[in-house]
Amino acid sequence: MGKGRLEAFSDGVFAIIITIMVLELHPPEGASFAALKPVLPKFISYVLSFTYIAIYWNNHHHMFQAVKHVNGKVLWCNILLLFCLSLVPFVTAWMGENHFSSSPVALYGIVLLMSALSYPVLLHSLIKLHGKDSLIATSIGKDFKGKISIAIYCAGILVSFINSWMAFALYVLVAIIWFIPDRRIEKRIEKDT
Amino acid sequence: MGKGRLEAFSDGVFAIIITIMVLELHPPEGASFAALKPVLPKFISYVLSFTYIAIYWNNHHHMFQAVKHVNGKVLWCNILLLFCLSLVPFVTAWMGENHFSSSPVALYGIVLLMSALSYPVLLHSLIKLHGKDSLIATSIGKDFKGKISIAIYCAGILVSFINSWMAFALYVLVAIIWFIPDRRIEKRIEKDT
Amino acid sequence: MGKGRLEAFSDGVFAIIITIMVLELHPPEGASFAALKPVLPKFISYVLSFTYIAIYWNNHHHMFQAVKHVNGKVLWCNILLLFCLSLVPFVTAWMGENHFSSSPVALYGIVLLMSALSYPVLLHSLIKLHGKDSLIATSIGKDFKGKISIAIYCAGILVSFINSWMAFALYVLVAIIWFIPDRRIEKRIEKDT
Amino acid sequence: MGKGRLEAFSDGVFAIIITIMVLELHPPEGASFAALKPVLPKFISYVLSFTYIAIYWNNHHHMFQAVKHVNGKVLWCNILLLFCLSLVPFVTAWMGENHFSSSPVALYGIVLLMSALSYPVLLHSLIKLHGKDSLIATSIGKDFKGKISIAIYCAGILVSFINSWMAFALYVLVAIIWFIPDRRIEKRIEKDT
């Protein structure tokens, strides 16, 4: 089964998630710059979520460079990832509206953690389909970034109940780690050709 | 006529339907986990609908694997299916807001039933176009899953007026039946090649 | 310049317009079927607009079957058509909320008229680019359907101030005329091959 | 790395940004044409933003005609541009709701300025990847339009505090300058072939 429609559907969902979040940035009542102040936490929240969805799209893009075909199981693992990410607009809005108080920041971390856990599930379904010697299997390595991210999310969720801004800083840290795109597959392709 | 744009347009509509439903999950007023409690029925409702749209996308994807070309009639049958599915966000929100009371659960079932009835209409328009000996015609078989789904939806709609949670359980049952993706076409393609 | 991205962008806009209209179908307050009654005019309004956008997508699809390449002017003519159609969700909501009273029904007709006028503008930009002997030029004929539609929209706009339901009936009539898809191009392609 | 998915994702985001802005055109309370009057500033605001997003899509389309492949850095530069443009619906709504008063008009200009600054960033990442002798590098020239736009936006932001309508007129002026699509790449391709 070709990967074309899975990519098209995923691109659609990524594009919609990343764009509808801006609908939660309701324009303020007043017409002065001061009136924008209460929008600021929502805006910070928006910037972080935009970056995260962009990172996932980026890594998804890199991962599927190495993919040749898909099967029913891959489709469902991909949908699981998209489901987790589809909750990002909800937690982004809740976190922004409540000025980064504990519970919303913890829930934000839980959604990020769920997404981070579902990503390797998709990856392994692809490796299982393509075989242990395939490009996708050999280009992954130890997946250090993925493992450290999960650890930092867990720390962030726990820390959020003590100091929610420190938790937020941890989420920003993970985004920075991933901002440098996943060049593992890119390098392998270059090496092979 | 090529199937490319029908797939692109359908993928777009599927992606939007599945993603805009999250806009109905309005963030709660409070900032505590307890404040999330009233969102819970809406969330359950969201998960079920997300799964259903994913199932339809999945089956649509499988079906069009076996399709070579389309005509005007197929376009309209496809639009009928998309119309039925476009009502899912509306009934999902109504069911979630009213904590799964009778009428909304019944209407949810009616929309699922309409979608389930429009799917074979699209299928037959494709079979008529490709001929009785085509891959799409021979790989369908008796369509047991489709028929049993329609029967369960009817049962669910009737049961909803007695016990709406039992009706909800019936809808979940259909989703489970379909969760195992439609391997009929996949198998036939493998056999032929 | 290839037509691929124009089609992809247009499919995206068509898919979003047709799907976001459902967001205006706000779930009613009550949980009974009687509570759905005030939603009914919005629903009728939704069905008509869904059909219209589907007709435009369908005709756009047929038209671009015969298109080989595009230029800057075609891009802008296409955007003009998409702009007119992007106003459909607004007038649909206004017409539905005001139970088909005169002014909203007239404005709905004006938006339909603008769309109907911008469609031949796009068509002529394509004919100019492809030449008078091209497939797209020869397969159009006298465009009877297009001309009669414009006449009926004008009648509908005028009639709306006397009897808005009669105007609505005229809009339905145009939809029925177009429901039979534009087989002119389809036939020509078949004849040539 | 192929440019296909970058184009598909960008087309999705462009299509969504351009279409969701219409959701801010809430239908007015009354059912008369007079009730539309308060919607008028929002509508003007919508028309300008629709034109701007269409211009960016158009130029993006032209630019990627000359692109052969992309890398991780290009993906991120593209996402930066999309982020800036994703703020357009927010500032459009704020400007429309406040009837073009100073601060919203200034912020609108700031978002346009940010977008205009991020566009050459994307362009230079592409030139760096393709080399100084590539089609994309040689077809750009002195980018007079880009530089004059940035100057006019700066003027508009400053002028908005004196006379916001004059600032608005300056934004319209830039749109008119760009309305004539960027034929530099188009011409070069024609010359080469």
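Think of it as A, B, C and D in the order they're written, each chain with its own count starting at 1.
The definition used in the following text is that a residue touches a chain if its C-beta (ideal position, glycine included) is under 8 Å from a C-beta of that chain, and two chains touch if they have at least 3 such contacts.
The structure displayed is predicted, hence computed values, not measured ones.
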- How far, in degrees, do you have to turn chain B to put its CA atoms on top of chain C, rounded to the nearest 5? 90
- Item | Numbering shared by both copies at the chain B-chain A contact, with half separating same from different | different
- Note on the structure: Per the C-alpha means, the centres of chain A and chain B lie apart by a whole-Å value of 26
- Between chain A and chain C, what is the separation of their C-alpha centroids in Å? 37
- Item | Residue numbers of chain B (touch at least two other chains) | 8, 12, 15-16, 20, 23
- Complex interface listing, chain C residues touching chain D: 1, 5-6, 8-9, 12-13, 15-17, 20, 23, 71-72, 75-76, 79, 82-83, 86-87, 89-90, 93-94, 97-98, 101-104, 107
- Item | Residues on chain A engaged by chain D in the complex (per definition of touch) | 7-8, 11-12, 14-16, 18-20, 22-23, 25-28, 31-33, 35-36, 47, 50, 54, 57-58, 61-62, 64-65, 179, 181, 183, 186, 189
